[in-house]
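Next come two complexes built around subunit A: one with subunit B, the other with subunit C.
This part shows the complex of A and B:
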């Protein structure tokens, strides 16, 4: 089953590459603006030989990882606190709904004003965008706690901390994992966007320089890198999810009697 | 155990990311002064125009003044003007009209040194109004009712194109201006989505490579030897650090003169901070880099801008210019 999936995945990718090679070669689009896959691959090789590229990759990953860690931590803690204290949840519900749809990129002038073009301005955007993904999932997850289990725990005299540990957390964990996985993708997008627009060091900034320089194959090569990065991050997040939730029904499947 | 290993994986990933993430090629210097050298951050767009600063830094002109430049590149004024106004960058690079607009909106910016000037030669400028190969359009006058791409509406390039249309006997109000980034103009022109494009290098060279035709040099039409862009700082920084501003002015003037006299070295340094392909770079028309701004040309630009309705309040050139 796994083998078939991998084979299909490779076949899909090969098909896509063939298409990307053929479309410009057949003249369907001008190869000055969308070079064939082969030329992008050459540019990608040139990039990989440049130490500055690896520094940029490291910068992007730093912004992504730190931003995601901050957003996940804050989202989980705040989500649990808000759900455990019902008054707080009601008091903040409308504020959350007001803040959540604000696009992170709209905060770019604010980020530049506060932090210039440093890592911190990237973090501001990344954390703002990915925090909500985690928070909302945590809120849903906590809501999903079985009231009977909760009452049972109470009647057995479990304290608040123990109830969070043994009842609330296991119920919420699958939601948290979904939230973090979504946040991981959003964080990457925002990290690259922030670098592109603000000019903080990283892959985004290199894309911007290539774009203004009319270096089209290099630009697509860097875009391919961000795509690959997204792929790796998604695969990684799924692996972490599977391991952390190995005990959960959704992962281990129905028990066959 | 499993959860532990997942945690460890995540932690290791973080460590790796942080370890290879330090972006500075030199050890961190922070913003202040150390050992007689003051580090100043300069916000720039990574384009041909700012080559003199990179060259001056390399040649040690700034070091001689006790300055060390730390370059920050952004895609446009959107990040640079607020960055300078808030003191995140000490200096920035911007076109003259943007600075006048900022000032008329109450943003306290002050120009400190010349940036670039047009070459002043019709048909041989870095900025050009171009049409594609085989286009029936031959004069800016014929742009009435046509689509013309401008990188930013209500800014220096629109003012300049309107001047060209007016000079050719046309009515600029009849021209349909559309906003498009410079780097997308060659493709849009080629596809026929626009009838003409106001481009600057390296897009000008790209369109020339495609046998595009120049029908006007709008920056030349505004004024002879038009000052197009300036280096600037915030009024607050200028008031508090007059010494540093003076040093920056001296070193920048020297860098501009040097770059103007050594175009080959300027072209060479461009390859270090842009990715302009070698064949395009060889054909790029460099701007002029006079050491002093041309005040009368800026006056002309301001008057045109005023009649185009760019400014809320008339800009105060005595306050703005060095």
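This part shows the complex of A and C:
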């Protein structure tokens, strides 16, 4: 069953690549706009041989990882504090609901003015966008704590720290992992966007340069790289999630099927 | 009555405190980048006149609505198709996962090649970025239709459009809306980004114009307006969701009350 699915998936990929090769070759689309897949692959090879490409990839990953780490840390700590301290959650609810939908790209002009095209402007956007993903999930997760477990822990005389560690954290962890996974994807989007629009060093900036210099195959090759990066991040985040939640019902349930 | 009052106080207290702190802290500010809040607020009505609202905000919102609607229709239609056929799904899945993983803003240069820099480009950019969360969530939702209900529908001979309308779409509804919600925030991002690239009007264009011209208070009013737009759109979305998925939330609430 898994085997046939995988085979069908590979067939789908091959078909997609064949289509990407055939459409421009047959002249259905101008090959100045969409070069055949083969030419994109060659451009990808050229990129891989260029040290500047690897520096750009490193810059993008640095911005992504730092931003994600900052946002996750802040989101988790703040989320737990907001839900543990009485009344704080109600008092902050309206503010959170107001700040969360503010699109992070609204901060681009501010980031440019404050930090220019440095790593810090990338971080500002990445952290703002991914912070809310984590925070909201933590808030949901803490709400989900089983009242019986909480009362039991209280009657056994567990202090606040022990209750956070042994009752609250395990309950919230699946939500936290979901939040971090979502945040990882959002962080990549914002990191590349910031590089593309602001011109901070990284893959996005290279895409911008390729675009302005009419290097269409290179541009496509770089876009493919960002897609692969996104894919690796998604798959990686899911693997980390599964690992961290190996004990949890949602993961254990999956294995037996 | 007292509880309502308490909740009202709790909801309003922190925002009021924050705005006051911003107001007071920035009151004597001479830093060009952080103008006093008073300057920003007094600049607001001068900057966003009715003329500019019509010339810049309306086109932006129109493009967002067009692209978003296109993505929603295409995503739900394709997702239903892919989700209801196991083999089609197996063939498409890796390709879709890859296409979804591409950060949508990098599509701006690509779509500029095909569609130039006009409205078509912006609508296409928004649609092509928003379609993935809708599509993939629809696939998942359609896939997870309760087998008992599916069998029941089959034994009653419900098929075709009736099956779609009264079985598949309602049971995939919560998932579809989760996708639409993600798509909305991506759509706003893309609306702004596509206008920052190449445009002669629009919110993103105007804000960048202010920033380049060092009209800092004006730029701040733009940021505030964009933030407000995001908040208003998410409120509208929530209203629509509550309306369409009212039955689902009711079901969940009653399930929670009687475990």
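Just so we're on the same page, the second predicted complex is superposed on the first by the 243 of 257 C-alpha atoms of A that agree within 3 Å, B and C clash if a C-alpha of one lies under 4 Å from a C-alpha of the other, contacts with A are read in each partner's own complex, and residues count from 1 in each chain.
Criterion: contacts are C-beta pairs under 8 Å (C-beta built on N, C-alpha and C of every residue); 3 or more make two chains touch, one makes a residue touch a chain.
Computed from a predicted structure; not experimentally measured.
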Item to check | First (subunit B), second (subunit C), both or neither touched by A:108 | outcome: both
Checklist entry - First (subunit B), second (subunit C), both or neither: which does A:197 touch? => result both
Next on the checklist: By residue count, which of the two partners contacts subunit A more extensively, subunit B or subunit C?
Outcome noted: C
Next on the checklist: Quick check on the superposed pair: does A:211 touch subunit B, subunit C, both, or neither? Answer first, second, both or neither.
Outcome noted: both
Checklist entry - Once the shared chain is lined up, is A:189 touching subunit B (first), subunit C (second), both, or neither of them? => result second
Checklist entry - Is A:228 contacted by the first partner subunit B, the second partner subunit C, both or neither? => result second
Checklist entry - Counting only touches as set out at the top, which of subunit B and subunit C does A:92 meet: first, second, both, neither? => result second
Checklist entry - Does subunit B (first) or subunit C (second) touch A:8, or do both, or does neither? => result second
Checklist entry - Between subunit B (first) and subunit C (second), which, if any, makes contact with A:33: first, second, both or neither? => result both
Checklist entry - Hey, what residues of subunit A end up touching subunit B and subunit C alike? => result 32-33, 108-109, 112-114, 196-197, 208, 210-211
Item to check | Contact set on subunit A toward subunit C in their complex | outcome: 4-5, 8-13, 15-16, 32-34, 87, 90-95, 98, 100-110, 112-114, 185, 188-189, 192-193, 196-197, 204, 207-208, 210-211, 216, 219-220, 222-223, 226-231, 233-234
Checklist entry - What residues of subunit C sit close enough to touch subunit A in their complex? => result 7, 10-15, 18, 33, 87, 90-95, 97-110, 112-114, 185-186, 188-189, 192-193, 196-197, 204, 207-208, 210-211, 216, 219, 222-223, 226-227, 230-231, 233-234
Item to check | Touching residues on subunit B, where the partner in the complex is subunit A | outcome: 2-3, 5-6, 9-10, 13-14, 16-23, 25, 41, 43, 45-47, 72-75, 78-79, 82-83, 85-86, 88-89, 181-183, 186-187, 190, 202-203, 206, 210, 273-277, 280
Checklist entry - For subunit A, which residues are in contact with subunit B within the complex? => result 30, 32-33, 54-59, 61-62, 64-66, 69, 108-109, 112-117, 196-199, 201-202, 205, 208-215, 218, 236, 240, 243-244, 246
